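Next, two complexes with subunit A in common: one pairs it with subunit B, the other with subunit C.
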Partner chain A sequence: MKRKSVSYAKWGYIFLAPFFIVYCIFALYPLIQTFYNSFMSYVIDRGTIDDIWGSATGAKETTTITWGGLSNYSAVFSKDETLVQSFLNTIIMWVIGFIPQIAVSLLLATWFTDLRLKIKAQGFFKTVIYLPNVIMASAVAFLFTCLLIRDGALYNFFGPLAGDSPAGGYLSILDKVWGTRATVGFINFLLWYGNTTILLMAAIMGIDPGLYEAAQIDGATPSQTFWKITMPLIRPILSFVLVTSMIGGLQMYDVPSLLTLDQGNPQGKAMTIIMEIQQRKDSDVGKACAVCVIIFIISAILGFITMFGMDDSREKKKKRRKV
Partner chain B sequence: MAKLKRVLAGALSLCMVGSMLTACGDDSSSKADASSSKSSAADSSTANSSTADSSTADSSEGGDSSAANPDRKDTSKIHGTDSSQASKDTIRIYCWNTEFKLRLDKFYPKYTKLKVETGTYKDEKGKELTEIKTIDGKKVEWIQNTNDGNVYQTKLDEALKAQPTSDNKVDLFLVEADYAMKYTNGNVALSVQDLGITSDDTKEMYQYTLDAATSSVDNEVKGLSWQATPGLLYYNVDKAKEVLGSDDPAEVQKAVADWDKFKETAEKMKAKGYKMLSSFADTYRVFTSNVSAPWVTDKKLTIDPQIETWIKYTKEWTDAGYINGTDQWQAPWQNDQKPDSKVFCFFFPSWGLPNCLQSNSGDAGKGKWKGTQGPTSWYWGGTWICGAIDSDNQDIVADIMKVMTCNKECAKDITKTENDYTNNKAGIKELQDEGFKSEFLGGQNHLALMSENADKISLKGKISAYDQGCVEKMQGDMGAYFKGETTYEKALEQFKTDIKKLYADLEV
Partner chain C sequence: MTGSTEIVGQETGKTSLLIRRIVAYVVLVILVFISLLPFYLLFINATRDKAQIGIQWYPGSALIENFRKLFAASTQVAFGNVYKALLNSLIISSCASVLCVYFSALTAYATHVYQFKLRKAADTFILLIMMVPTQASAIGFYRMMISLNLIDSYIPLIIPAIAAPATYYFMKQYMASSLPLEIVEAARIDGCGEFRTFNTIVRPILKPAFAVQIIFTFVGNWNNFFTPRLIINAREKYTVPLVLSAMSHAGPVERDVAIFYLYMVLAILPVIVVYLFLSKFIIRGVALGSVKG
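Then we have the complex of A and B:
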């Protein structure tokens, strides 16, 4: 019997090994390389192509890599760079999408789990709510571009909001900074509120129904039950939703990129931080890496915050129970 | 049982590892594999291998007298890695749209001596088309990536850089005027002389198409083009009659002879509720054809006065209501090319007539458009076919280049059936002598106007290897200025920062 358990442990490691090997090659090594390159002044000349055949005909070297120290990092925060602006754009567009997302999700999750409401055909509604998340974000972004651009299907409906165009008629709302940002936010809301609803429902259903019954008997109003029972008890999941959404928001790329034809216009106000990386990655590699590292650090900090946030609340609960 | 479990678990974990790796192998590029299932390979027919009339005699295998240096041709032997059998059996072609594929599929089987096998497929509109499946028993594989955002160049660079060590070689790639210099000056394309194409084969080509593909490093021609790209102004016949009183090209030309007249006509169009132009970018190439310096010289960015003029006029005309304000290449812009739209005219180069105006206006557009010179002579782009160095199918690459670019009968056929302007002066002249009439342009012989223009084209000192990004960013960033959302200074500032992002080593 003893021998058997030892051999099982061995098999456990063997089955774990493929993941770690793949992870090291395809994730860990590039990660380390990104850190290394962020300290280099690494520039590729895209107007020439490396003469890989080494002919002596005078073709130029296209890539220059020299030690740059922290110059990439200081350049990222300098005034004539657009990176800080892009960071702000990203945050703004995330907030525009996240606030309605969390509000609608909370509302739906409360309704679906309410003991007294007993909504029928829940499975159907849950599926429908989740459906937008199944569609590829790029497809939705492309759809909205076609709908909203000048002479697109919804142009006449939304155009008047954007004001008159010098070319006659109206501008498209995608010509306006607020219009583009709102559209990006709306698409993100549309894609993700279903996912959040499902998560929050799971959290609410985890609450002891006895608490709600007790509250009912004590004559608590629905809003009181929501604020005094539901909200405090789903806090760990809420903070998880917040942080994953924030990390996802920091990495926002496909929707704004496709909506603005990769340009981040109008006036670069819809350019996200990942779009900046994508624009630079083929020429200004060092700076692109520096931005990656900064995003990595921010994401890591956010990750730690949730980890401790969730642990705290659990420990408190345990302590209370012990007492 | 325990063994079965173990085997099952092992198989499942293998599947998992496999699925992890699948994403790494291939990239987002859409592979238009000729033998893929999308082609509803209903009937595969072997096309002729013997249309050996006199015209095709010069097309293949003829010019071996040039005595291609075997060392230079057999580069993969010098460079190392030999290609695999699969690579030898495949002709890999890098392209950014289907223009060349359509031409090759339609005309190559008719004029080559090699054995070509074809099949059919349905395009996105459900039209059944014939495509080449194999040439001389070698499968044809198309790798298509969009030009936008330098995507095509990035993918092509990766493939070419891997060429010496890869056993799966690229055989043929296409380059556009906006970045042709990068590939003709780099050591990545075969000299056409090494492919057995002589100066006699290319004698009817426009000199500028040869100059543009000549390497500044070794002065050898690295690519050939099947088209010359002079531009014309195409106007709507009905609106010309209504507003200008005549739809005769000579009469309309008087109304658009220079930019002042152009503006006057635009005012008249506006009075009748029409727009002169569709998008802001419509006149861009008309101005940039006449620049005095390319976008980039010695790694320094210049904004030519001609580009400033384009910005000035476009802003002026937008504010005056002459431009419809669409975005070039988008659906509303395409819809403006329908004959019943409110737009009067479009500037199009040779390839724009069949690929844009004709396809976007459809059958209803037949006879509704005519061409005239417009305010200035101009050109736009051009596509060159290059044989990749180390290619393992150089005989077929050479034959494709010869048939598609050097064969007069093929060139005439393309011009006649596709309305494209081909790179063969003798062919164009013969067509004109035969009394060529374009059915789409209401029986107009637009070749006369085109060839007048084509003679004037020179790309010398007008193109650089960075043009793709510069043009995209210039048009994109100026959009907000034209729409009145920002100032000229701010838009220009944004353009410069954008260029710095794309090309970090340029001085802006």
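Then we have the complex of A and C:
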């Protein structure tokens, strides 16, 4: 016999309501609008040269919105050279930051979890390497600008690398394409390697210690243990780190923006796609929307890859357990 | 781990372990140096005069002078109200983090405790939207704020924090591990209303999760540059990152790097202090959030 009970279902809906109302107004509706406008040729002519620090609502702006089909998308991929270049820049700067980041993080995570190595003062090291991650990225970028420009504290070290001389016109490495890109990559490395180390440590500590003991008894060298045990077993977290870092890299904005005064100079080679969105928000709205949609699609694809990757590994584990 | 395994090749094993240990410590010390050097230089340079150039390792004596210059009227004209920007950032970040954490917990509570038709659907939906970056809807958001006349208002910076999928996810996990449904049942039997149960019984249980997430969202909002850049144009409404950006645009004449350094110190010091006190919990939170798979 089932007793008649009070239904609390309505409270579920009431408690969910604020989240969904806010989400629909401030995220879902704008997202749909962005998709819609990405198919429009949506250009705002403000009459004068844009002052990026000027007011958003100019007096004599004229807006033209016509159906544009896929023209915005073809602009992003081929016709509009600055957009294509910005895409490339974003990828290059992400790679420059990510490769040292993953290498150093793997090394540190292995050392911190190595039972024979017994690193002392781990709390201190972890606190220090994670510290840059909580600091305002735009402040770190501006700090590096101030350190590297002429008369900056680190100018004497890095100026000569850029061919600095009275004859050469006192260049800092921020006047060179590779110098700016390397600086952006380095800052991203600095901000994120601590975070990655901690994620990888959590993964490595989840591995059965018996495996390491067995390897040690069998006389495996540390590098063998690393490549044959650690690497295969942390692959799900590695793919998670890779994908989240790629999504983050796609959104790279604060650092290159502060470092290059929003211009992405030298020669637009440090411009990222998010900087393009900000620059075109009041003029070339259609193309900016197309860039947004592309970011959405890439993030969605990457997100699903990790989800399936992780599910896959979990299923394998379950199967193994059953056997 | 010890004893029997170390007898085999004890001598070679010990020297190689020693070498590995030395290498590890050397690399760690270098990394600590690299991580801290920029911030050390930042603090040193904030105490130095505009005229002292190049690298120097000791603090200067111009700190008070720099403070005076930073809050001088000419600085306000050039870069916006630097003092009020700190206050603006504080207001936005506090409001946003409190709203974010409270409503995320409420949402997680809804799908954790109540049985209703759309429960599973709502949960999956929130997980899916977690992957959508804010930037993906940025232009639509910006255009909408223009048409709603919310440019230069803090509403678009604060209210959207209510819908935070990542915080929801954290809360949900925390509830699954430490909120027994029996407590809710007991409260009901005692005649406690649903809303009151959440506020007076559940919320205290969730305190540790609240603390971690408030810190994370506060820092996230304090450091946010992208959204304020989209929404805020008026100088008196600037947040800290916007002032820094305005400073980076300074020409060679008005450029006084010393006060820029000082302002960067003011921008990051609160976060560093909070971090140093709570780093243990923060790092644990990062590790927890990661192993969601």
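Going forward, the second predicted complex is superposed on the first by the 286 of 323 C-alpha atoms of A that agree within 3 Å, B and C clash if a C-alpha of one lies under 4 Å from a C-alpha of the other, contacts with A are read in each partner's own complex, and residues count from 1 in each chain.
The rule is short, and it goes like this: a residue touches a chain if its C-beta (ideal position, glycine included) is under 8 Å from a C-beta of that chain, and two chains touch if they have at least 3 such contacts.
Bear in mind that the values here come from a model prediction, so they are computed numbers and not experimental data.
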item	value
Winner by number of subunit A residues touched, once subunit B and subunit C are compared	C
First, second, both or neither for A:G152, with subunit B first and subunit C second	both
First (subunit B), second (subunit C), both or neither touched by A:L261	both
First (subunit B), second (subunit C), both or neither touched by A:D218	neither
Partner chain in contact with A:V22 - subunit B first, subunit C second, else both or neither	both
Contacts of A:I295 with subunit B and subunit C, given as first, second, both or neither	second
Which superposed partner A:T82 touches (first subunit B, second subunit C, both, neither)	first
Partner chain(s) touched by A:D175 [first = subunit B, second = subunit C, both, neither]	first
Residues on subunit A lying within both footprints (that of subunit B and that of subunit C)	11, 15, 18, 22, 26, 53, 55, 57, 146, 151-152, 261-262
Complex contact set, residues of subunit A against subunit C	8-16, 18-20, 22-23, 26-35, 37, 53-57, 104, 107-108, 111, 115-117, 119, 123, 125-132, 134-140, 142-147, 151-157, 190, 194-195, 198-199, 201-203, 206, 213, 216-217, 219, 222, 236-237, 240, 247, 250-251, 253-254, 257-258, 261-262, 274, 277-278, 281, 285, 288-289, 292-293, 295-296, 299-300, 303, 310, 313-314
Touch list for subunit B against partner subunit A, complex	6, 9, 13, 16-17, 20-21, 24, 75, 78-79, 148-150, 153-154, 157, 160-161, 163-164, 179, 181-183, 185-188, 217-218, 275, 296, 299, 318-319, 321, 323-327, 330-332, 335, 389, 464-466, 469, 472-473, 476-477, 479-480, 482-486, 490-491, 494, 497-498, 500-505
Subunit B-touching residues of subunit A, taken from the complex the two chains share	11, 15, 18, 22, 26, 43-53, 55, 57-59, 64, 80-82, 146, 149-152, 165-169, 171, 175-176, 261-263, 265-268, 276, 279-280, 282-284, 287
Touching residues (chain side subunit C, partner subunit A) in the complex	1, 5, 8-9, 17, 20-21, 24-25, 27-28, 31-32, 34-36, 38-39, 41-42, 44-45, 53-56, 103-104, 106-107, 109-111, 113-119, 122, 126, 129, 131-144, 146, 151, 156, 159-160, 162-163, 168, 194, 198, 219, 222-223, 225-226, 229-230, 233, 240-241, 244-249, 257, 260-261, 264, 267-268, 271-272, 275-276, 279-280, 282-283, 286-288, 290-291, 293
